[in-house]
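Below are two complexes that have chain A in common, paired first with chain B and then with chain C.
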Partner chain A sequence: MPDHDRDHAPAVETRALRRTFAAPRNRPGAAVEALAGVDVRIERGEIFGLLGPNGAGKTTFIKILTTLLFPTSGEGRVAGHDVVRAAGEVRRRISLISGGESSGYGSLMVRECLWMYSQFYGIPAAIAWPRVDELLAVVGMTEQAHTRINRLSTGQRQRMNFARGFVSDPEVLFMDEPTLGMDVNAARALRGYVARWVRAKAGRTVLLTTHYMAEADELCDRLAIIDRGRVLACDSPAALRRQVQGGQHVELEVSVREGDGTGLPSLDGITAAWGAPHPERGTRTLKFRLPPECPLVDVLRQLEAQGVRVQGVATREASLEDVFIAVVGRGLEDTEVVK
Partner chain B sequence: MSRPAVLAARLRTAAWLGWQIEANWADPFTFIVYSAVRPLATALILAVMYRAVAGIASSGQAFLGFYVANAFHEYVIRVLVGMGWVIVEEREEFETLKFVYTSPIGMFTYLWGRSSVKFVQASLSLLLILTTGWLILGLRWDWGAVRWLPLLLSFVLGLIAIVYFGFFVAGWALVLPRAAISVNEGVAAALTLLCGVIFPIDLLPRAVQVVAMLLPFTWWYEALRRFLIGHGASARLSSFSDGALLAALAVSTALFSCVSVWGYGVLERRARQNGKLDQARLF
Partner chain C sequence: MSPARADGRPGDLALNLRATWGRMYVRVVGSAREPTWIMSDAVFPALSMASFVLLYRALGAPRSFESLAVLGGIMATYWINVLWGMGAQLYWEKQSGQLQLYFIAPCSRMSILTGMALGGIFMTTTRAIFSIAVGFGLLGVRVAPFALAPLLLVFVVTMTALYGLGMTLASLFLLYGREAWHVCNALQEPVFFLSGLYFPLRALGALGAVAAGIVPLGLGVDAMRQVILGPAARGWLPVRVEVAILAVLAVVFLILARASLRYLEALSKREGRLTQRWQ
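Our next item is the complex of A and B:
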């Protein structure tokens, strides 16, 4: 691709991207298809989210685009550069943040560690040092600037790694579950920074994977819902929510008997999913969209007939989780699909 | 910044990181033990072994050759094997390999920078071992007979072979997360036995001697002995003239370096294919 075309190329583009992991020799079995032909186009300046449960293929997708893993077939491009044939060009333009990451060189101080990464990217010292200090302030670690990494708490290390991702001012920033394990306030502050960072300079792009619905809803301009290696829906959060508007979104709190698994009750014409359990009350939330032609009382009767005791009923606005249930056929916390 | 300036900054930074890690200022005792006492103890064990078991006077000329080669073997242990260790540390202990790998520094530049500190450490160990041998064990040579130019040339050629073979060892460490430590140690042991460090290659079986003569390190140790202390250790290699010895060293280094670069590329691609680059398994 000529340089001129690359300047106008999407930040990320994949075509029929596929990745299969062979079964380990010591545990023979079927190969795992982590990505089953993913087509995604992310424009420059976007915050794009990949939303999916564990094992959906999100991290594999990021690993391929950040040159850590080869695809089995298909094509992936970052800023117009092929991730297989032009890995060096890709690496000059990207940065990677992995959530829950508490890695680091224990004997280095926080400030010098961030500076070190800036040097790997060839950032002049006159730019690098002020940027490092600014990022330390962003992640609330100015006081720890001269603390050795092996003396940091896990949360502080995570925040340091978050800052590391920005130190090179990348064209495309890959964030794999960036707020995983962070406390609520830190996660909120860092989400705010990501949004400001992208808008502050034209062309900056973020590809974010998450299984936090609220994070995806708050941050992303567009979202792809991914499950079992396939993109099942891709649009803005608002447009995705519109897909499931109509009818009522119902949450029932139902009794769960001791020793019961997570088997979903069978409901005619309705896709239901388990929500969070409430062990202190011995109940669990059952979520579904009630079609307009189906009265709630019929559903309650069906549940009663199956021996499910309903403790409470609530209705609410459509959320991304409803979209996820409608598109994927189960909730993020479920392993079972019942229609 | 210009490209050479960026490259220099990256090399300098990798070397600085290596120094911060290797020096381990948080635990100076360990640093001193590892940098000084370990290589010295190894050399002294060799001296005792020769005196007690082999019946060769530890101050004899034959032993001097092995003692000198053993001192230079520090470069193999530190630099060559150390490059494999960098991968193990980065991936398994610090869990930073994926961030280094996905940055534009490039693994060659990074490993080169990190190994430069190991070169300094190996040089200090070399001086310590030779000084101890000179002062305590009476292992001396005639400084006036040292042939400096071929010695320097041999030394540089050997270092090139060490660094490039180090890339190859690092490549193996990339594809073998669980076995990387064994590979590193195995390489050091194999080169000690094969390359005439502590006994002449003439004692090896005939077929193994051929393998030894394909390795640049065999020629390196022989050249270092010949140009520093005035004689080699192998009857077979003593038939080579100085020029032929240097040529053999240069050719085997060139071939070995090319094979190592190619081998590293193959192994790195394999590691990326199999998802090994961020697969921490040991710590």
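Our next item is the complex of A and C:
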């Protein structure tokens, strides 16, 4: 691809991207298909989210695009450069923030550590130091600038890592559960920064994975819902929500007789997600979308017939979680789905 | 500095030099901040050095043997640094998640290893000064004046070969994971012996000397002794030859380090097991 075409190439493009992991030696035969043919195109300037349950393949996807893992087959391009054949060119343009990582050298101060990372991208000192200080302010760590890494709390360490992702001024920023382990306020502030950062300079792009629906909803221009290595839906959060509009979204609080081996009750023709048992009240929540042709009383009767006592009913607007339940067939959090 | 690229990002040379300095900085600064290292890296080696000096003195060995032990003590600290500060380092960095950040960075992996090595040499040199102070100050070891420039040359070549070996070990140890630990432990003492840190290399006999020659430490120490003491050092081979062998070893180890690191990176990308997986 000639250079001028690359400038207009999408930020990320994958074609039939597949990745399998060989079976572990002690369990032969059980090869895992982490990605089963993924086609995604992310334009420059987008904040693109990957939403999926544990083991869906999100991290694998990010690792391939950040040149940490070879695809088994298929193709991936970042800013027009092939992630396998032109890994060096890709690396100059990207960075990766992984929530939960604990990198850095304990004897360095926060400020020095961020500067060090900028050196791995060859940033001249005159640019690096002011940028480091600016980022420290962004993550609210100006006061800790001269604190040693090994004296930071987990959350502070997370915030430093977050800042690290920006020191090289990447074109495409990959974030794998970036707000993992942060308190609500810190997470919200950093989401705000990501949104501003992308808009501040043309061509900046973000690809992030998250388990927080609110994060996906608030931040992403487009979302791909992925499960078992496949993209099941891909659109803007609003458009995705429209898919499940019509009908009511119902949340019941119910008490169930459990432990008699019959499993959780099911509903005819409705995909419902059971929440985990409420420890104090001994109840569970049951979430489902009520089809327009089906009155709520019928559902309540069905439940009653199966020995379920309904203690509370609430209906609400369609949320991303409803989309997720509809598309993936189960909830994202600690839920079990019964069809 | 190499010119910036058309896209405004730094050229390769500038990138790699800065990466080297960035990685080196950790050790330059760290060495000043962690006072406990003084014990393990300076005091203990100085003690074993002192015991040899005193032993030679008690036995009435020629005075030159004492300076030989001082030099041995100093070089021992470099060897410890090569093993634990180079060999085991990538393994540590894998555990901390740091390795993944190096694999994703645009700088060359050799620039990171070079930074580690230069930082290690700097750090160890500050410790060596301690050993020299003990040797010459406390124990009153004396040497006749000698030429500094050849000594420096031999030192530089030895360090290149030694840390080149360390870089190679680093990738090998990464490959073998936890066993690296035991290998590190197992290598420490025999090499002290084989390289004749505290006695002339010649004492090992021809075969032993060849074995020691493979580890650059032995050759380097032997060559440095000859520069300092002249014939009294009872050297194994002429200094010129030893330096030539060291230079060849340096090149071989550097090439080997680069190749094994590449192999390792490719393996990790194929199998997805060398960078940490916590998500």
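Operating definition for what follows: the second predicted complex is superposed on the first by the 322 of 339 C-alpha atoms of A that agree within 3 Å, B and C clash if a C-alpha of one lies under 4 Å from a C-alpha of the other, contacts with A are read in each partner's own complex, and residues count from 1 in each chain.
Here is the rule we go by: contacts are C-beta pairs under 8 Å (C-beta built on N, C-alpha and C of every residue); 3 or more make two chains touch, one makes a residue touch a chain.
Computed from a predicted structure; not experimentally measured.
**Q** Just from the overlay, do chain B and chain C fit on chain A, or is there a clash?
**A** clash
**Q** Does the superposition put A:Leu69 against chain B (first), chain C (second), both, or neither?
**A** Both partners, chain B and chain C.
**Q** Could you look at A:Tyr193 and tell me whether it touches chain B, chain C, both or neither (first, second, both, neither)?
**A** neither
**Q** So, does A:Met116 touch the first partner chain B, the second partner chain C, both, or neither?
**A** both
**Q** Can you tell me whether chain B or chain C touches more residues on chain A?
**A** Per-residue touch count on chain A favours C.
**Q** What is the contact status of A:Asp176 with respect to chain B (first) and chain C (second): first, second, both, or neither?
**A** second
**Q** What is the contact status of A:Gly99 with respect to chain B (first) and chain C (second): first, second, both, or neither?
**A** second
**Q** Regarding the shared-chain residue A:Trp129, is it in contact with chain B (first), chain C (second), both, or neither?
**A** A:Trp129: touches no partner chain.
**Q** Across the two complexes, what residues of chain A are contacted by chain B and by chain C?
**A** Dual-contact residues (chain A): 21, 63, 66-70, 88, 91-92, 94-96, 98, 101, 103-105, 107-108, 116-117, 119-122, 124, 148.
**Q** Given the complex with chain B, which residues does chain A contribute to the contact?
**A** Touch list, chain A to chain B: 21, 63, 66-70, 88, 91-92, 94-96, 98, 101, 103-108, 116-117, 119-122, 124, 148, 150, 164, 168.
**Q** For the complex, give me every residue of chain C touching chain A.
**A** Touching chain A: residues 6, 9-10, 14-16, 18-19, 21-23, 25-26, 29-30, 33-34, 96-98, 100-107, 112, 268-272, 275-279 of chain C.
**Q** Given the complex with chain C, which residues does chain A contribute to the contact?
**A** On the chain A side, the touching residues are 3, 21-22, 59-60, 63, 66-70, 88, 91-92, 94-96, 98-105, 107-108, 112, 115-124, 148, 176-177.
**Q** Which part of chain B faces chain A closely enough to touch in the complex?
**A** Going by the criterion above, the answer is residues 1, 6, 9-10, 12-13, 16-17, 20-21, 24-26, 94-96, 98-106, 110, 269, 272-273, 275, 277-278.
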